[in-house]
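What follows is one structure encoded as structure tokens, with my remarks underneath.
Order of writing sets the chain letters: A, B, C and D. Residues in each chain are counted from 1.
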Amino acid sequence: MSRTEILDSVDEAVAGIEDGSTVLVGGFGFAGMPFDLIDGLIRQGATDLTVVSNNAGNGEVGLAALLKAGRVRKVVCSFPRQSDSYVFDELYRSGRIELEVVPQGNLAERLRAAGAGVGAFFTPTGAGTMLAEGKETRSIDGRDYVLEYPIKGDVALIGAHHADEMGNLVYRKTARNFGPVMATAAATTIVQVAEVVAIGSLDPEVVVTPGIFVDRVVAVPARRYTVEGAR
Amino acid sequence: MSRTEILDSVDEAVAGIEDGSTVLVGGFGFAGMPFDLIDGLIRQGATDLTVVSNNAGNGEVGLAALLKAGRVRKVVCSFPRQSDSYVFDELYRSGRIELEVVPQGNLAERLRAAGAGVGAFFTPTGAGTMLAEGKETRSIDGRDYVLEYPIKGDVALIGAHHADEMGNLVYRKTARNFGPVMATAAATTIVQVAEVVAIGSLDPEVVVTPGIFVDRVVAVPARRYTVEGAR
Amino acid sequence: MPLTPHELAAVVARDIPPFSYVNLGIGQPTKVAEHLRPESGIVLHTENGMLNMGPAAVGDEVDPDLTNAGKVPVTELPGASYFHHADSFMMMRGGHLDVCVLGAFQVSAVGDLANWHTGAPDAIPAVGGAMDLAIGAKQVFVLMTLLDKQGRPKLVPACTYPVTALGCVSRVYTDHAVFDVGPGGAVVRETFGVSVDELRGWLDMPLTQP
Amino acid sequence: MPLTPHELAAVVARDIPPFSYVNLGIGQPTKVAEHLRPESGIVLHTENGMLNMGPAAVGDEVDPDLTNAGKVPVTELPGASYFHHADSFMMMRGGHLDVCVLGAFQVSAVGDLANWHTGAPDAIPAVGGAMDLAIGAKQVFVLMTLLDKQGRPKLVPACTYPVTALGCVSRVYTDHAVFDVGPGGAVVRETFGVSVDELRGWLDMPLTQP
């Protein structure tokens, strides 16, 4: 038993997400993307969302489906423009969605800062560029830095490989990407995994996200999108 | 083959450390303390060192032996005062060593900042206390923060469990402590391990410190100090 | 009758909600662990890099690579995890722990904490994780005697010792009474063989009752 | 004769020191990997969380959980490691990579880089890891054609496109020549079927020779 809830269905896992929430969505392209949780969020109905994710959706599945359903007010991401990001493109060009572009490493670090209780930090990334316009800058030891603030989520939706019943998580290969930092940065972290294993089944040395960061877990059958589908 | 040097002796591993260096020393009490590297550093002879470590030595072994040998100008640590820290105590009271006390979490985060290329960061730890005197402070979203700067090392001396021949490291239990952050924060990271294993022997999912952070590795026979000895 | 340290540790343990993630400070707070029921699902954090720490190690269990923050050998429970110091203090600073139990020299009515430095001019300063722990949990409980060895109150209108953090303490467990502290001042929650008026006689501050 | 893209990728590969930790940007720089000799001990980093990345996956090797930064399926080599995004970008921002190879729209004589935005008013801005990569290696190599499709130089006195980072590029590999750039301006290291005086005719900047 632990504070982490192990739930039987995706719909239970995404219950209670409120309109206007900031939702952190893991994944880099399709790797680590919590497709089932996003589908659940679409069914759940929350709207006026701010979504923080590396990309802004591919094709018409996952994040793109959420955007297409009209639930997203703003996207905070590093790279919205992909060959198959036409759902986002159309919303953006027609002025129906806001966009904040954040360099990928600053995105990861701002999420980490939220999880780590850091109030703000000086990063060299973006200094001297148009993405630093209007931001506080400072020269430290002869190098230029931009002050960046944490990005906190109300909810994080994450895909991981296995969870134990305490919510400890392990990931698989490059599907790890944003999951571990987003798990720390949200008030409520919801994780879909391929399998929930018994307490004691994960070696304590190899846990990547300790259960303290994990609120809800649901196991879903593997549903792999082909990589071709992701382009 | 890799950039990481796998060396046959402790003396080769610590060769070239210069007088006046800032040396990051891993370990928390005796767990993870790189005893053999410190002994090697004493033989090597570098002096006028600034040592960054959580404690300031126990008994007359390890860090305490380095202090006793008169090689340390300044200690940066969170907790110098222990029941058996008499070597440090005497140096400090007689004005022969400088001390900078840093809250333990700020110490870890300042080391991480050095490794992560963060120019400075606002931390709530220490705000409103005498350890914040003279430092820049700021209120962010109604909370008080202190601006802290990175702590960079010229050299890090670290104890880990196993290394592979590319310098990838795994640790053991709470002996992990400061090793992974110090490895990122030093120009030259030197590691003693119980065993060097072949490339391919470590599961890529469980590597804690990737070899990119590791410059030199030496395997030394286990030499465990009893915990009684550490008090 | 005032509580013994053992009894007081049990009172603290009773008040920690099930399934909480908890850090117990070095010294007396460590004793709270002895009173946590396994079925409570409470998970102990130790800032040197572990969650789900078990009891002190005995005999062959002793492993120099596995200690608590007081450098005492401990054990691991099923479901444990290990992590490095930056990640460990991220858990604290980021507010992920539910409860932290600390000792103190002084606590003020508004929850300022002094527990790292007596202010003695010849003391070697040493803070360890005290400041990080003080700011790093959703609730900070202090466990201390109400009076020091000279009979002076340790619950004070304002700390005279150097502070560890401001306004961080939410509750103070003492041998004579339990107090909530915070912006509204001290509130007596529970007394042990003493009346609230008697407490008012000892303490130099207004005391309210819930 | 100007070099083909294939030949130019080989020139870049030749110049990367053995045992370097290297990030190859999306697009043309990715091709440099094909020219790295296994015995060089060069380790490839991909910013989506891996060191010692192997070649593109083929057939049964394809695993949706294992891609490079361009989202192309790749393989892992022995001695690989995986890590999360904050740790991955820490490697870059902290200056731990030896070499990063990037494409560019423009590079200035002092090493300013423009490779993320054409400045077109209707373009959807998208930066990805470009700014982190630009500031995040001990040496940043740019691999590009010397002239754009309209015949205009891409090595320029000052970038007219929005910059990715200032003063970050150390060397520029083009089909016609290789240049060092930096505070001292552009230095011609090597030419491919063109004289330095001809280059001077094309480029609007002083060119020196080592």
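By definition in this document, a residue touches a chain if its C-beta (ideal position, glycine included) is under 8 Å from a C-beta of that chain, and two chains touch if they have at least 3 such contacts.
Here's who's who by UniProt: A, B = 3-oxoacid CoA-transferase subunit A; C, D = 3-oxoacid CoA-transferase subunit B.
For clarity, every value in this text was computed on a predicted model and none was experimentally measured.
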Between A-C and A-D, more contacting C-beta pairs sit at A-D
Among the chains, which one keeps its Cα centre farthest from the Cα centre of subunit D?
C
Cα centroid separation, subunit A vs subunit C, in Å, comes to 35
Can you give the whole-Å distance between the Cα centres of subunit C and subunit D?
53
CA centroid of subunit B to CA centroid of subunit C, Å:
28
Residue numbers in subunit C touching two or more further chains are 50, 76, 82-83, 90, 92-93, 135-136
Hey, what residues on subunit B touch two or more of the other chains?
109, 112, 116-118, 123-124, 171-173, 204-205
Which of the chains touch, listed as pairs?
A-B, A-C, A-D, B-C, B-D
Mind pulling up the subunit D residues that touch subunit B in the complex?
19-21, 39, 41, 43, 45, 50-52, 76, 78-83, 89-97, 135-136
Of subunit B, residues touching subunit D in the complex
1-3, 112, 114-118, 164-166, 168, 184, 199-200, 202, 204-205, 207, 210-213
Which part of subunit A faces subunit B closely enough to touch in the complex?
109, 113, 116-124, 138, 140-141, 143, 145, 149, 170-173, 203-206
In the complex, the residues of subunit B that touch subunit C are 28-32, 54, 78-81, 89, 92-93, 99, 101-109, 111-112, 123-131, 144, 171-181, 208, 224-227, 230-231
Write out the stretch or stretches of subunit C touching subunit B in their complex.
46-50, 62-67, 71-73, 76, 82-86, 88-90, 92-93, 117, 122-132, 135-136, 162-166
